[in-house]
Amino acid sequence: MRNLVCCLILLLTIIFLMPTGSGAQEKPIIIGAPLSTAFLYGWDAERGMKLAAEEINKAGGVTVGGKKRPFAVEVIDTRDLEPGVPVAEALLAVEKLILDKKADFLVGGPIRSEAALAAMDLLNKHKKVSIATTGNLTPAYTKKIAENYEKYKYCFRNSNQVGEMMKEFVTLLEDLRKTHGFNKAYIMVQDVAHARAGGETMQKALTEKGWTVIDMKIYPTGTVDYSVGLIDSGKKGANVLFLWMDMPESAVLLKQWSDMKLKSLPIGFVNAAEQPGFWKAVEGKCEYLIVNLCNGGNAPAKITSWTMKFVEAYKKKWGLEPEGYGTSSSYMAVYQLKAAIEKANSTDSEAVIKALEEIDIMGVYGRMRFDKKTHQIIPSFDPKEGAVTGIIQWQSGKRVQIFPPKVAEGKVLVPPWMK
Amino acid sequence: MEMMRRERIDRGIKVRTEGIYAISSIREVLYLLGPRLILIVGMISLPFILELAPYWKRVVNIMCVYSLIALSFDFLANYVGLVCLGGAFFVGIGGYIAAIFNVYLSFPIYVSIPLATICGAIFCTLMLLPCLPLRGVYFAIVTLMYPLFFTRVIEALNILGGTNGITGLSSFPNQYVEEYTIIIVTLLFLFGMRRFVTQDIGLVLRGVKDNDQAVRASGISIAYMKSLAVFIASVMGCFAGAYIAHLYMWSGISLFALDFSIIPIASVVIGGGGTLVGAIIGSVILVPLSEILRAFGTFRIVIYCIILTLVIVFKSEGLMIYLQRKYHQFERWVKV
Amino acid sequence: MGEGMSGDIPILSTKGISKSFGGLQALIDVSFEVYRGEVFGIIGPNGSGKTTLINCITGFIKIDSGTVYFKEKNITGWKAHKIAHEGIARTFQIMRPYYSLPAYKNLIIPLWSPRARKIGGWRGGGKHGDRDTVAVDILEEIGFERDSKVPYKIASTLPTGYQKRLELARCIAVRPEIIFCDEVFSGLSMSEIAGMLPLIEKMKSDGITLIMIEHRLRELFRVADRVMALNFGEKIAEGEPFVVIEDKRVKEAYLGTEEV
Amino acid sequence: MEIIVYGIINSITLSLMALGFTLVYSISRLPNFAHGALYITAGYFTWLFINKFAGFPYPFAIIAALALTSIIGALIYRFILIRVRGMEISEIIASYAIGLAILEGLRWGGLRGMTFTLPTFVTGSFNIMGVSVDYQRIIIVGVGIFIFIVLYLFTHFNRIGLALRGIAQDERAAMMLGIDSDMTAIVSLAIGSGLAGFAGVVLLPLGNIIVEVGYNVLIFAIAVCVVGGLGSWGGTIIASFVIGFAQILTEFFLSSHYQMVVALLAIIIILLIKPSGLFGKQKELEERV
């Protein structure tokens, strides 16, 4: 028995002494990235950031106070997308980045909206600037900044938010109504605060526009069977299925939809369907599914000259197309940070905040400008005015951008059995 | 040349069986109080030692929170015989009630935490009252289901801020107040419980564990005794919940997360069930270990579980009892 | 019914108690009366419902029908701890000491009970400190000297005989008026039983009524004033020990019938 | 109409999940908290066999995966659970820790994201009485019933099966008759894990293989077993129908987001009213005075 206890203590001492320092030639600017690396929104943001940092360092780094300092990306696994893990774990990771790894800026931010909201108070306490790029879409995030600017001015978000995306979807559905005469919608959302809020705003907006919203079903996380809702929608002649499913079980819903050959077009947020590999995973059953990737550039498209360059660079470095929400926004966040630091010519939080509010660069998905009061990226349908969204449709194995019309790559296809 | 052999003298046997020992010399006093003093001085001085690594102060806070929950599990399971797998239930209720007092009724922090502890404890005891007569595996499974059930109810009814939770709780005035509240409270509860367990009431609770029929036969109602024990355990749990809600200025359904149930149980098992100090030692080992392993990403859970299984299988009595035995024994060479 | 030893009203009387577990009729219409300060024996072959009767009276099992009066107070259906609070203590057929506690600490629990505290006084052990000394006194009464190792040994390490006596001590500590002794003599050696007899005499003199269930009739008859016999849940005889043993039906119950 | 059809499917799914857990608990009194992990391991092994070793026919992949999962189940008992057999808390913690280790090990080993799925046995769907149901679900119902029958036959007319039931009733008596309780426990855990794996292999093609499903499966399994009475197979099957239909009805009439609440509410209510469950006959509850 003695030897077991000794080897246990030996194991502990080795781990304690593991060197954690990082080489320091020109003192690098450290970007902390609290991401849930075991999930899509986590690792694709991480890849976006590393790609951007690598490109900037190759191009000579950031000129601050006369010196050329490289970026160093420190990623910590927050596990905050796992259901059984308390948010305190994510906040602990954020603090580890700030205090232990001495991160100057935070990019990506905790992914789950409740963790992101909780982290805002933490950022204020430690006076660290953070750009949230992936995962959290709740309008509450920017509302808090607007209400309490002095306290929460350190938080920025360079990806779209729910209210804006709802407008995009309504305009898309309006176009479909004109072209295909759809007017009956059936809403199925996951039982999560921002998804339910999205479902309710969609229901209100569509009924104003004259649509008949048959029903709204809310599914708790972990539901494995959607047959009752789908059959109900088929029977009542719904021709549009509005979905908001961030949970992995949404693949079950898609498979059932295509097996039942329902006469309705699925549109909305399906976290699982953003990945290029999804097509093979469901054996092509996600054909005709329309998914919103929140920001342009997460799928091959020609929004600005930079978009295709970014897609090629991503494919070369990581071997596959940009995967989903969070890739292009994280990539751009690093570039925005570089522009702001060079404009403020220092890494001090106050100066960088002022600079971030003024910078205006033409990015991967349109013109990137932050709203002074809410620190939210200014969205628009025209890449020259603001950040453009990226709604794609799965067409024979490819993700084709179909919205906004100005940058659309293809037309909306309707399943043959619907005609 | 006379033969020498190692003779092992176990001072402890006399101490353990008798339970009474005369303290004669200062050396004897030191011998007994030594470990306790090291623990107290160590815990009090932690914030100063960690001045140079500020992040680890936060880890110490979390460690104390987990050790409080572990203490309440250890007391309930090993002294009263109620195996409650739902430690997260106490934490969740404590956190939510603290948020309600602090945000909705805007009580200041030094009022909302004690109030939340008491109300939370009353609420938890009332909720657990109907399942007190259950025994063994059944009580464990019901209490495991309580936090999951509350998560789903809050999520379905979208009350108390739904899945977003309640934000904007007021935080502690400054760093040291934050640390010292939790450290002092943990030590208070630790030594308070050790004292309580040897009191007459504590003996009655231990009697309930041995066999409750005998307690019933001597005119004491078990239901009252068990609810008293659950109340004490939930006071500790709810304080931990209220504290962590204020520490992170946020409380939401993930306070009911499974981690708040499993890690305390693991630290009690590793630290040594039955000795209340075991819970503290268990979390002193487990929480910083999980922090160090964070660099490994999800692999750290695997290492965590493997260590836990090894300890359960090979050293099921726990570290504390093993150390106690070793502390009381020593060998010396004796002429044959 | 017969004249009691002292006073005329019975301290405990049961009327028509019956209890069935599923189809099995454990007790059929059992009524008997016990007077203060009397040692009342209950005998009968195995499975005649003796322990079930005690469980019913002391509230550990719900009674199907019938009533139990304790000093003119109807205590049918009360919870076990309330009945014990009234003053009816019991020992268990399978001994139930508190294994993890030392012998004298075993007595702290009954001393802490509301009944002991209500009686209070020196014997009741008012302040915290007293309870330990009172516990050791009771152990001394039972026969474990104060300075011997026995009171301080952990209960589980005590031999069976000692544990039996510890059960009895646990009952005495609650200051009861009636004690149900469930096979206290079984498993004891002759010398230990001899040691118990003066203890029972002392309890009788303190005015505690004893209801003893026993298989060892010779020892029981040396102590019991009156005896009742049960067979398959029915009361078949009651009265002086030697009268009952001669009763034909009791012989039949024990030895089986001769008719062919 | 669809309530009945999908009610049955949902109930059979639940019973498949729970059968392994009940079998293990009824025979060796071991609450196998690693049940969800074995469910996912079988799915992952099948996926591995199909994708990594090209040309491995689907049925062989399933059989190989089930065999592997049963061996893992037996090993878990042989090296870990056998030492903590008597102690309740340690049993639960040990089996839960192994389950967690396997699940997180798989997640660390690469089982991430949504791209891991198993092909369905037969694709397409057809209508029963106006309700369109796909073949995979019909196969599930067929397989479910087949398993119930096989289990019934195995335990009633087969020597090992009778030995298993002997241990289930009274361990000491069975040991006296020369049945080695540890060997039976290993067999029972192997069969239990095999059943868990089987449920995985049959049910996972509906969706995709994710680690979170492992935790949900464990909760559903416990819900069904506790409601049906720990340790009674009949109880489990009937309880899975009760909960299965309750979930579908709540989704149909009340509203879908109370679905998960129903399962958890069922456990708490049943345990408070009748701890031994609908059909269970737990000796330890009625404490013999």
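All chains are identified by letter, namely A, B, C and D, in their written order; residue positions are counted from 1 within each chain.
Please note the rule applied: a contact is a pair of C-beta atoms (placed from the backbone, for glycine too) under 8 Å apart; a residue touches a chain by one contact, two chains touch by 3 or more.
Please read these numbers as outputs of a predicted model, since none were measured by experiment.
Peer 1: From chain B, count the fewest steps through touching chains until chain D is reached.
Peer 2: Minimum number of steps from chain B to chain D: 1.
Peer 1: Per-chain Cα mean versus the mean over all protein Cα atoms: which chain has them closest together?
Peer 2: Answer by centroid distance: B.
Peer 1: Suppose chain centres are the mean of their C-alpha atoms. Which chain sits farthest from chain A?
Peer 2: In terms of C-alpha centroids, the chain at the greatest distance from chain A is C.
Peer 1: Report, in whole Å, the distance between the mean C-alpha point of chain A and the mean C-alpha point of chain D.
Peer 2: Chain A and chain D have C-alpha centres separated by 36 Å.
Peer 1: Roughly how far is chain A from chain B, centre to centre by C-alpha average, rounded to an integer in Å?
Peer 2: Averaging C-alpha atoms per chain gives centres 39 Å apart.
Peer 1: What whole-Å value do you get for the distance between chain A and chain C if each is reduced to the mean of its CA atoms?
Peer 2: Inter-chain centre distance comes to 75 Å.
Peer 1: Roughly how far is chain C from chain D, centre to centre by C-alpha average, rounded to an integer in Å?
Peer 2: The mean C-alpha positions of chain C and chain D differ by 50 Å.
Peer 1: Of all the residues in chain A, which ones touch at least 2 other chains?
Peer 2: 38, 83-84, 191, 220
Peer 1: Check each residue of chain C and list the ones that touch at least two other chains.
Peer 2: Residues 60, 92.
Peer 1: Specify, in ascending order, the residues of chain B that touch 2 or more different other chains.
Peer 2: 152, 155-156, 213, 258, 297-298, 314
Peer 1: Where on chain B is chain D touching in the complex?
Peer 2: Going through chain B, the ones touching chain D are 77, 83, 85, 130-131, 133-138, 140-142, 144-146, 148-149, 152-153, 155-156, 213, 258, 262, 265-266, 269, 273, 297-299, 301-302, 305-306, 308-309, 312-314, 316.
Peer 1: Which residues of chain D touch chain B once you look at their complex with the stated criterion?
Peer 2: Those in contact with chain B are residues 31, 79-80, 83-84, 87-90, 92-94, 96-98, 100-101, 104-105, 107-108, 215, 219, 222, 226, 230, 257-258, 260-261, 264-265, 267-268, 271-272, 275, 284-285, 287, 289.
Peer 1: In their shared complex, at which residues does chain D touch chain A?
Peer 2: 2-3, 6, 9-10, 13, 107, 112-117, 119-120, 123-125, 131-134, 203, 206-208, 210, 212-213, 215-216, 248, 251-252, 255-257, 259-261
Peer 1: Report the residues of chain C in contact with chain B in the complex, numbered from low to high.
Peer 2: 58, 60, 79-82, 84-85, 89-90, 92, 96-102, 105, 108-116, 128, 131, 152-154, 170-171, 173-174
Peer 1: Which of the residues in chain B end up touching chain A in this complex?
Peer 2: Where chain B meets chain A, its residues are 53-55, 58-59, 62, 152, 155-156, 158, 161-165, 167-168, 171, 244, 247-250, 252, 254-255, 257-260, 289, 291-295, 297-298, 307, 310, 314-315, 322.
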